[in-house]
Amino acid sequence: MNTTRVDWAAVKADFPVLQRMIDGQRLVYLDSANTSQKPNAVIDAMADFMRNGYAPINRSAYRMAGEATDLYEGARSKLQRFINARSAHEVVFTKNATESINLIAQTWGRANLHAGDVVVLTHMEHHANIVPWHMLVAERGIELRWIPLTDDGQLDLSNLSTLLDGAKILSFTAMSNVLGTISPVKQLCAAAHAAGAIAIVDACQFVPHNVTDVQAWDADFVMFSGHKMVGPTGVGVLWGREELLEAMPPFLGGGNMIADVRLNGFTTAELPSKFEAGTPAIVEVIGLGAAVDYLTNIGMANIRHHEMQLTEYALSTLNARYGDDIVIHGPRNIEIRGAVLSFAFRDIHPHDVSQILDEKNVCVRAGHHCAKPLMKLLGANATARASFYLYNDQTDADALADALDGASDIFGV
Amino acid sequence: MNTTRVDWAAVKADFPVLQRMIDGQRLVYLDSANTSQKPNAVIDAMADFMRNGYAPINRSAYRMAGEATDLYEGARSKLQRFINARSAHEVVFTKNATESINLIAQTWGRANLHAGDVVVLTHMEHHANIVPWHMLVAERGIELRWIPLTDDGQLDLSNLSTLLDGAKILSFTAMSNVLGTISPVKQLCAAAHAAGAIAIVDACQFVPHNVTDVQAWDADFVMFSGHKMVGPTGVGVLWGREELLEAMPPFLGGGNMIADVRLNGFTTAELPSKFEAGTPAIVEVIGLGAAVDYLTNIGMANIRHHEMQLTEYALSTLNARYGDDIVIHGPRNIEIRGAVLSFAFRDIHPHDVSQILDEKNVCVRAGHHCAKPLMKLLGANATARASFYLYNDQTDADALADALDGASDIFGV
Amino acid sequence: MPGLEDLYREIILDHYRTPRNRGELAPPAVMAEGHNPLCGDEITIYAQVENGVLVDVKVSGQGCSISQSSASMMSQAVKGKSLAEIQALIHRFKVMMSIEEDSDEAPAVEVKMGDLEALQGVVKFPVRIKCAILSWNTLLQALENASA
Amino acid sequence: MPGLEDLYREIILDHYRTPRNRGELAPPAVMAEGHNPLCGDEITIYAQVENGVLVDVKVSGQGCSISQSSASMMSQAVKGKSLAEIQALIHRFKVMMSIEEDSDEAPAVEVKMGDLEALQGVVKFPVRIKCAILSWNTLLQALENASA
């Protein structure tokens, strides 16, 4: 089915939760930027493995353990191909993207950053790509610099070379979870390298929705989470360039990450085990492999195309229907935005908007979206956010638009 | 069914993988100290949640998100009761016990340990309770001291007070994953406190098999993993005394663990969110809650009783059948040992033993069991290890004994 | 499912649109800040305590209709009350929100809920309880600061 | 399922019981250590290289029948060979273990497997491939140390 003609109704039917009726109404799930729903293929892969072949990996020598190890390492290879990494052992499984970023901050960061060293972030980062660096400010006295935004919510790169001057790290999101803005990743990686910095790409919002090629980006580290890409919770990915991963000190200490342990010290295992201490999320990694198969089968380019159409439809529907009563943040150009619509609706607080939409089973997030510095910039404590994924369609956008009417009724505006 | 009369055949039937036939032979799974099999109740809890109610927790305001949050926090309360913690927010979800120990080493440890400070471990620790401390030796110059073992594999406490003199931490396993030895946890916690040290209990092997009461122990931190207690992979637990958790700096930075984030700093959230950065293992935590219900329903005292009988049976069967040809490590007294049998069989290498047992679908682990310092003490690079759990019975012990015959045939000894 | 009319009572919307006791107080009044991590609400309570009486109280910050109206009604209800009365009221409110248990003992001081009764419907929307309770916990914090 | 007789050939058990070239070599011989994290096997290879020829090789360490016999057979096969011949042999062995791909080109040097053919059965027991390959990777490491 890897053509531009995908049966999107069939895709929707793959997600059992979307068949759920609450109070006689269907579920309109528009919170995928937060976390995505799971198709039968993923749920079944996990359950089947637990029913028929659950076993430890890497540690035991009987066949079932060998089979489990093959499934686990097979998933790693799927991830490698999915993001076009050079080799599978550049793919490290973590618990989520947040852990992946902390891992970099606490290993590469601690090994390479000293007082006064500069880390460049952007104003549209998720807390996961802010707080780990704040922690190094406190511990190490590093300096943070921030790439500002233009009025329509794009990165303002006019002073990029000044900001990068003397920097050791440029760490930025490939796509904003609030504005939907897609960053010029390749350009930013090149600029970082030109300034002698490494480039870290928070691809949490990007990987689930786009064709990803870490080599084409020429990035140094890239991270994302399984649960946002129709995969399980409890598993994230850190990809890093082999030379960098090799040179880094370990992160967590324990089983699997060692070559040898003596009373007076230890040596670390080869990649990727070096960064996978303890019993990993075996079932979840296998589930993530199934998610990658599922997405690949539909085709990431097709998914991106579908979401662009849906974004265009939702933007124009909402604007046409509510005019100035709705302010949708982020760039209007769908070429550089993903299917994430943060909005202010009249002067009704987002939490109330979400409550009223929930009455119609329309699920959106209201809050700061773990991006408080960006919220401050938008002059809000919170926005309502509708985000779309491959299983959404125009009827979902219509349901959102219809449900907003209810807000006017109640708040009488 | 919370009586001493448990229908153990019905328990075995709850675990679908144990119904699996390979080459016409049933599966004899004796690797539960490594990782345990999952009952239908856990597999279904996870799958059902993903099919019918998967949603983010803590972040969104619609009903389905509220329900997911209640399930997640409900699981925390189940864990609290399971280990008799004072309050639910003393229970922190991690990815595995390894992360739990690293968390302590990197937060409490970094905040409180300085050059020359002493951490006391034992000779029977798992790498997960060794390497994190080695890392602080390298980083901080702390000193490690080791509680030795007696000849029959118990902790030798004759010099305990000397070892603890001036120590800041005593960190020890409640039960050895190699020898099966159960430590006198209460006594050790008291000794640590008397010396002014905190007591950290690696309860990975203990919690799945025994009634656990962290308050009766008077421990300071206790950790264990879901996957060893019929729960999912990808989730572990850290319990800590509230005052200590409150005083600790955060571990990973990101979403959920913050109260506020500004360009120039952040403040941390309340317990337990403070230590749960990023999207947690929602499905796995809910699955772990189901595992706790499952175990509680059978009764931990019943499980311990069942395993004691089985251990006694296995020890006497193997000894009677193979006499001096088998050396089973650890204490002979089943009052102080769990259902873990590490053994040397004639002079056949454990890896070959495991291979030959696998021919009969008997799954045991062969290796160093992530306890290399202990292996050195035993004078071996590896042992074979058969470990039993609630779903094992005497036929499994018999299958092990029978299958060992095959080893003699091949190696002609 | 409970209807939205249970949540958005007219009196709640009135307090939301016209919040009472908005503003700040200068020292020696104390203050405390509260965050609702779920929705980003921020509230600051200023409290002036004299001889065991909350002589003045002000509220600033932003938030949803429930957190704002709850803060507004609270400010009305507690202003001029003794600390003992306020403690009793806070307890009564938390009982209404079903996050504290009612004790069988007769309350030491009598408590009148007045407008606050209108927030009763919130309990049917569990996610919103945190919104309703935010200002109350922040007030508690402010009173602690005052006695510290 | 492949039978155990595919794995435990007589010649393998013979090398396991009576390993060849056991021992150590003093400098200027180089050494390298290998670990199999799965089963705890440890192997040390001592290599004496002179003028591009491995004039002597010794093996020490502990391990299972497969890792020990593989090391013993390897030591026999490589002793006295040129580095180029050894590289070719290592490649052939890894092809046999199905962890490297056979290239279509005719090998630059001729390679005789001899006793090593007996290890062919290991490939049917994927978990054991790591055991069989441990000494070979350790030898590679030793040879790298020699040329460093």
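Going in written order, the chains are labelled A, B, C and D, and every chain counts its residues from 1.
Assume a residue touches a chain if its C-beta (ideal position, glycine included) is under 8 Å from a C-beta of that chain, and two chains touch if they have at least 3 such contacts.
Computed from a predicted structure; not experimentally measured.
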Centroid comparison with chain B (C-alpha atoms), farthest chain: C
Of B-C and A-C, whichever chain pair has more C-beta contact pairs: A-C
Between chain B and chain C, centroid-to-centroid distance (C-alpha), Å: 45
For chain A paired with chain B, centre-to-centre distance based on mean C-alpha positions, whole Å: 31
Intercentroid distance (Cα basis), chain D paired with chain B, Å: 37
Touching two or more other chains - residue numbers and ranges from chain D: 1, 38-39, 128
Touching two or more other chains - residues of chain B: 22, 59, 61-63, 65, 256, 258, 260, 351, 355, 366-367, 372
Pairwise touch network: line, ring, star, complete, or other: other
Chains that touch, pairwise: A-B, A-C, A-D, B-C, B-D
Interfacial residue positions of chain B with respect to chain C in the complex: 58-59, 61-63, 65-66, 69-70, 256, 258-260, 269, 273
Contacting residues of chain A [partner chain C, same complex]: 22-23, 349-352, 355-356, 359, 366-368, 372, 375, 381-382, 406, 410-412
Partner chain A, residues of chain D touching it in the complex: 1, 35, 37-39, 126-128
Contact footprint of chain B on chain D as seen in their complex: 1, 4, 7-8, 13, 38-42, 62-68, 125, 128, 131
Touching residues (chain side chain A, partner chain B) in the complex: 16-17, 20, 22, 27, 31, 34-35, 37-38, 42-44, 46-47, 50-56, 59-65, 95-99, 101-102, 105, 126-128, 130-132, 134-135, 137-138, 144, 146, 225, 227, 232-236, 250, 252-258, 260-263, 265-266, 277-284, 351, 354-355, 357-358, 362-367, 370, 372-373, 376
